[in-house]
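Two complexes come next, and they have one chain in common, chain A, joined by chain B in the first and chain C in the second.
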Partner chain A sequence: MTGRRDHREDAEPAPAPGQAGGGGPDAAPRSVGRRGLLSAAGAGILAGGMLGGFGGFAGGRASAEEPAPSDPLDRSYPLRGEHQQGITTPAQDYLFTAAFDVTTTDLDEVRRLMQQWLVAAEQMSTGDLVGGTPLADLQAVPRDTGEAWGYPASSVTITVGAGRSFFVDAEGRDRFGIAERMPEALADGVPRFAGEALQAERSDGDLVIQACADDAQVAMHAIRNLTRIAVGTAALRWTQMGYGRTSSTSTTQETPRNLFGYKDGTNNLKQEDGAEELGRHVWIDRADSGGERLAGGSYMMIRKIRMNLETWDRLRLIEQHEIIGRDKRFGAPLTVPDPTSGEDEFIDPDLAATEDGSPVIPRDAHIRVVSPHTNKGASMLRRGFNYTEGSDSLGRIDAGLFFIAYVRDPRESFFPILERMVSTDALEEYLRHVASAMFVVLPGVGAKDTMFGQALLS
Partner chain B sequence: MTRTTLMHTVTRPLAIAAVIALAAAGCTDNPTSGANGAGTQAGAGPVGVTITDEGCAVASTQTPSGAVTFSITNEGTVPNEFEILASDKLRIVTEKENIGPGTTVELTTGLEKGDYFTACKPNMVGALVGVTPFTVTQGEALAVDEDIQKLRDEAITDYTAYIEDQAGQLLAATEDFRDAYLAGDTERAQDLYVLARRHFERIEPTAEAFGIEEPGDLDAALDLRIQDLSAGAGTAVTDPELLARWTGWHRIEADLFSDDEAFRFPDAASRQRVADQLVEDTQTLYDLVTGAQDTASGPFEVTLEDVTLGAGALMEEVATGKIVGEEETFSHTDLDDFQANLDGARVAYGNVQKIVETEDPDLAREITDSFAAVQEELSTHQAGEWEDGTPRYVDYSTIAAVQEDAGPAPKDSEYTDAQRSLSLAVTALADELAQVPAVVLS
Partner chain C sequence: MTGRRDHREDAEPAPAPGQAGGGGPDAAPRSVGRRGLLSAAGAGILAGGMLGGFGGFAGGRASAEEPAPSDPLDRSYPLRGEHQQGITTPAQDYLFTAAFDVTTTDLDEVRRLMQQWLVAAEQMSTGDLVGGTPLADLQAVPRDTGEAWGYPASSVTITVGAGRSFFVDAEGRDRFGIAERMPEALADGVPRFAGEALQAERSDGDLVIQACADDAQVAMHAIRNLTRIAVGTAALRWTQMGYGRTSSTSTTQETPRNLFGYKDGTNNLKQEDGAEELGRHVWIDRADSGGERLAGGSYMMIRKIRMNLETWDRLRLIEQHEIIGRDKRFGAPLTVPDPTSGEDEFIDPDLAATEDGSPVIPRDAHIRVVSPHTNKGASMLRRGFNYTEGSDSLGRIDAGLFFIAYVRDPRESFFPILERMVSTDALEEYLRHVASAMFVVLPGVGAKDTMFGQALLS
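Moving on, here comes the complex of A and B:
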């Protein structure tokens, strides 16, 4: 062995001075180093991978005797399971999503990418660095970029999907010889909607990775490293950072607020709704189009919606209430006459209620338009995040909602609801849809799988 | 400077060390044939490794030093990883990731005499499984690989000769350029601007390092862009005082190519002065390269590190400066520079290519393919040939969003598909070239 390799600081992933305490001013103290977390995890991760199919709290180092860590920064979720992480996983605080254009024409190279992504994603899911322990070769480019070195797993999840253009190009030509495996929903594409001002370069894509975490830097680290791995095979098409999750996917979470100041997504599907309900609305079934290779996956529907904050902020409170259909303070539906607590939020809106002959919740109120009651029971699992991208040239804040929904078939649920929304929702006057994308999220990674999308690409 | 110092302290002639580092430096897909042909003494036959979900059994816990091959069978139910750890159980000497259940793979690596550990890691995460001591005994004497050392020596000699040759051609072409320019033969001068600068662009990372008083001052005199000068001074790019301080290729480029009167030389004397100084500074560059004059840090000397990093550095030049069109903001001859950078990278890499082919044939193949891909991308913008038969390119502003006359830079959203295609090809190549130092220098 050579002398240079003996540098302990190169080999030992100890946190840099001053780093162990956390990456952000609002972060809780972090005493758990990555390696400590790992050794504690051990077999628990493996067991979690097989048992924790729903990616619940029971992942990572948690075991039957050991309750899930209460600090979300110490949580980790198993990558392997019946479904991918990051869908029913309790929504984290931060999002970093990236879409890629595949630049190779060789399916084997795509498979290799999916293998490399899987290895790296699994390592990062446990709070490890890409490539595990950093190699100490001073002449080599480090395999991991290092900005999450010493950070705990921070609930990071990595979710991979494929778009229509992964299967066929713009002219409909079979790109990799797997076009016949494309499910009908992707083949049909996304219809046009009123009020769209879509930017092509911020929309669509061949592949997508959604990274969520309770620490923005950990989410960034995931996307950055996966992007590096893809160089030469796939190139970034667009990215999106998000913060302040705008929905909750678990009953353990409070409903967050959107940038209009309202609690939105109260009626979201949640992991606690159970396999049957989620199977009906979220997961692709074996019997569905493409289901033989995609069962257990889902459709990831993305709409980037710019919100006209300044215009909204000039509305009287009563107007804001009537547009949303809820009270701003507690999130209670307007049919609750005098809301006094957060509990009121979960009272079912009485859409039939009238006062002086007019509906209490106006006909064009947001919650009425998107309610399952007015959409033949159609439901989606929402997982949106707020975004802010500086200001525009008119001095307005460039911000809004990066809306993500997971559905079993967008033609049954997402498109009809969106159509109703853009045509009848009073809220639309304050929104502009600036980007759109649809991906089929690949099924969960099986215990024996060596790549994302094993069934699709084998 | 620091990097050079580092290089001197860590150079090790043992090919075996390069083999170890090579195997360890692989990404998620470690080369399994790293030691093949490296001239190391072959060890005993393959060491069998049987992986189960709970175990990691190595058939033999001892082997002679040299190239050691492990034949690893995963009998477990999940993908697994096999690692060889140093005696501290922390440092990974080499590893093979993502071994699928039911598969057998081989891992070949160079191991010196010493104490190691073998271990597995199911799903490539979490705690190590089946950590077992593994001893490498003294095998037959490890011959220092004379071939590899010879290749390294040749790489330095050849690259040094190349730099001298290009500097010589640069000097001659610059004199021709000055003459045509001062004679008022604009069209010829515009052509010679490109033809002479090619020689500079081919050895740019080396030329950039030069200085007589301090490293880089010669590069500033020869190749400074007005955008950088104005940013430093906090004035407009057309500020007359600023322009009076500006020398080198780009000062003349502005005079020769821009339609903006502000960039004209105020008089014939200042034109003459800058043109003469360009030749004089180029002469100095030539003298430094050929050893007629010492640099700020002593006599000019090419290290293996220079050769190894040169190729990557040239492609980074393209990725950061040429793609966005800021280098040739008046002439828009960026694609010709691009070709010259690519040529230079090909030569620099070519000098260590045999080492890479020996130590990491997969990487060598990828790099060759990527060089071809960049050239192919560039060729789509060819517009005829120069008199020497080399490709001549279209005005970059016709296919790209560029900075015009050192004015506002294009917005991030304005770059064209052509720029994106070029950028992707260059990035892929640069990414692969970044792996070369670990193969050649470790």
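Moving on, here comes the complex of A and C:
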């Protein structure tokens, strides 16, 4: 009755939004591919190694030469490489992130945890369970909790990082004797901004694990088992589930929509921008502060942003357009003469265009405020997700954006944009920042490494 | 760059668990189909009308004669039929449920809401937005919030019900002049049980909407827009997101695993059990209390059950087996001589088998306690989901089962089992019931109906 997988049939390619879009009510791109790896050909390019590092895309047990499976539930990614997985990996649909407080004072115990996490993460990233296939020994406590047993790898990725408080305690004291290895960006910490309502217990943390997958249960399984392994060494501080990725990290993906209904992250960095561009904006370089032990890593910048959906939903369409600076339908930047005429999401916004003396993209429009053109070329790679957490006492859905960005140096390419955003972005009236965290994501796991953060912790 | 959907390639069928299972470490059913519509042939049976009612499975815009799309993101189901959708529909991967308190005292306003909900639900169930393709009128407030625009229907279903408090207030007073139409099962209410820790604000409600989909964002979109339509007439009371369906409602689906790692709901009713069996156990009959206006409906029984994962995870495998009464690997009921030898999940548990004078399936094992054999043949159709809601102050993942069952009469086939479970089931030591609700699900929407619950509210 079970066990046979369903045969996927070739689907007819749907027309591209641009092709479909004649403006009539039936022209909507109603059934574009949700997960949107464009085609077997596109996947083939990926398999050819554009992910860089130690071989790129591993489709199940297939080698790098074979095309990647087109069903995201069948995909798996290698854990080892120049960079950690889960950053430029095509963004999956579901997220489970957990921050931990380290409870030991012994660096050797931390190293042991990083070894155990590596073994378990590598097993889970192939769709295996922790300890491999379990359940042979009836008298033993199972090493894996089992809720993903028999489930495919589902594109799962596991990404590990460390926060400021991993290096120094609240009084600035060296916790494990490696405080001098802390990079300056972490030491400086996250600046505070006006209008924040940050919950301390939902912010920060000594360590972080980001698990992404195309099946929420597989992501949950990863976090649960890594949390279990940590018992006695590190304890959960906060967790976050996310759905409906709000960013693409690859040009092979559709741009998704956020909970305000807009395509989000159109102009952010993508995997295909290539090693030079990603090296400039995403990856920590040897020459950067802390780079001798952290090169190949990145900074994971987290902002949990509640979105006031009910207020937003009462705005007229033109108001929404002008706050975002884009058309809601196709995601195209506003143009003259008709702000809805544009159908190409990817054209460069014309920030200089005016109509009757006023900028077509308003001065406080979101895309102008965060544009690289107005931020000295600063770019980030985004990997955010929507969240929904019940409803509040007023009966409003408690929902928003769990924003995640990866940057090479947040002091240059994140904090200045965040400050411009909270002070001048028209969108901020509908947002509330409720949690914040910054972690240095450890470099990729080398072929012979035996723990996450080998260079940092050895 | 966007808009072309990915070509699904035919996947090799993986071996069935029974075929694969030689007990060695490589014999695990590691890549069985997660969503598990077995094959195009299986889908063809569905398309042939086994769902009953007004034509069954509508694959996108395909007619009932065409096979249903094998990609669950491409599926859609007709809203109208003898029964509401979202009950016997093959269980989707994600859930968003919302309960509402009615804020008006005017039955005509409730009727208007039920009309508006029907129009919107019918549009959304085809993958359309509320009001059809929006965003033509820049000066108007968009009728749809837009976050699922361009997303496929993703198997979304929308199911509407009413609670006891819809008919009578806390003092038993008739709210809308239709209290005499309240069926006895609702009037009696849900009995209280020992050991419950029910949160009133997360329990009960006047109305309920269950939205299920294979994309969480599509389910969220449905609830959000229906909530918005209700403003002024009904307000959110509580919401619940769920993932990783813990039940199958069709034999074409794999049995999923719950957060204790066990296959769940193996022996519960399935769509394929047929009209007679479902009529006996699931659908309200004309002759039942309230049946003249509710025939074709059902009772939606909700229990939010927190699972003590950390405690469970410390049990030895044999202890877990004996608490559940099944093998963790294949889900087979325990047998003699070797409790792990069974590989067939679907064989009937041998409740009489003994070994050394003791029952092989222990007296307090979960499957014995809830078995139809020990409950006068009572059966239910289950449609539960896992939930995870951050972590508690002790750093434990706050997670569990959002249990949903559909039954014809909870007094016969749900409350007695629940009482046996809370008083004698070994599993209860690891569970905590934190919320409870009961709704009568309205009959299916007839071809000419203009509102949900037409027979009840006319």
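Just so it is clear, the second predicted complex is superposed on the first by the 387 of 458 C-alpha atoms of A that agree within 3 Å, B and C clash if a C-alpha of one lies under 4 Å from a C-alpha of the other, contacts with A are read in each partner's own complex, and residues count from 1 in each chain.
Just so it is clear, a contact is a pair of C-beta atoms (placed from the backbone, for glycine too) under 8 Å apart; a residue touches a chain by one contact, two chains touch by 3 or more.
The structure displayed is predicted, hence computed values, not measured ones.
Contacts of A:Leu456 after superposition: neither chain B nor chain C is touched. Contact with chain C, but none with chain B, is seen for A:Gly146 once the two complexes are overlaid on the shared chain.
By the touch criterion defined above, A:Leu198 reaches neither chain B nor chain C.
Looking at the superposition, the partner that touches the larger set of chain A residues, chain B or chain C, turns out to be C. By the document's definition of touching, of the two partners only chain B reaches A:Arg112; chain C does not.
Touch criterion met: A:Asp137 reaches chain B and chain C at once.
In the superposition on chain A, contact of A:Ala235 is made with both chain B and chain C. In the overlay built on the shared chain, the residue A:Val190 is in contact with neither chain B nor chain C.
Shared-chain residue A:Ile367: touches no atom of chain B or chain C. In the superposition on chain A, A:Glu122 contacts chain B only, with no contact to chain C.
Residues 1-2, 4-6, 8, 10-12, 38-39, 42-43, 128, 132-133, 135-141, 228, 235 of chain A contact both chain B in one complex and chain C in the other. Every residue of chain B that touches chain A in the complex is listed here, in rising order: 6, 10, 12, 17, 20-21, 24-25, 27-29, 53, 77-79, 81, 86, 88, 90-93, 95, 97-98, 100-101, 112, 114, 121-127, 366, 370, 413, 420, 424, 427-428, 431-432, 434-435, 437-438, 440-442. Taken in their complex, chain C has these residues touching chain A: 1-20, 23, 25-40, 42-43, 60, 69-71, 73-74, 93-94, 96, 98, 127-128, 132-133, 135-142, 144-154, 215-217, 220, 223-224, 227-228, 235-241, 243-244, 251, 254-262, 309-310, 313-318, 320-321, 328-329, 339-340, 345-346, 386, 388-391, 395-397, 399. Note for the complex: chain A touches chain B at residues 1-2, 4-6, 8, 10-12, 38-39, 41-46, 49, 79-80, 103, 112, 115-116, 118-120, 122-123, 125-126, 128, 131-133, 135-141, 143, 201, 228-229, 231-232, 235, 447-450.
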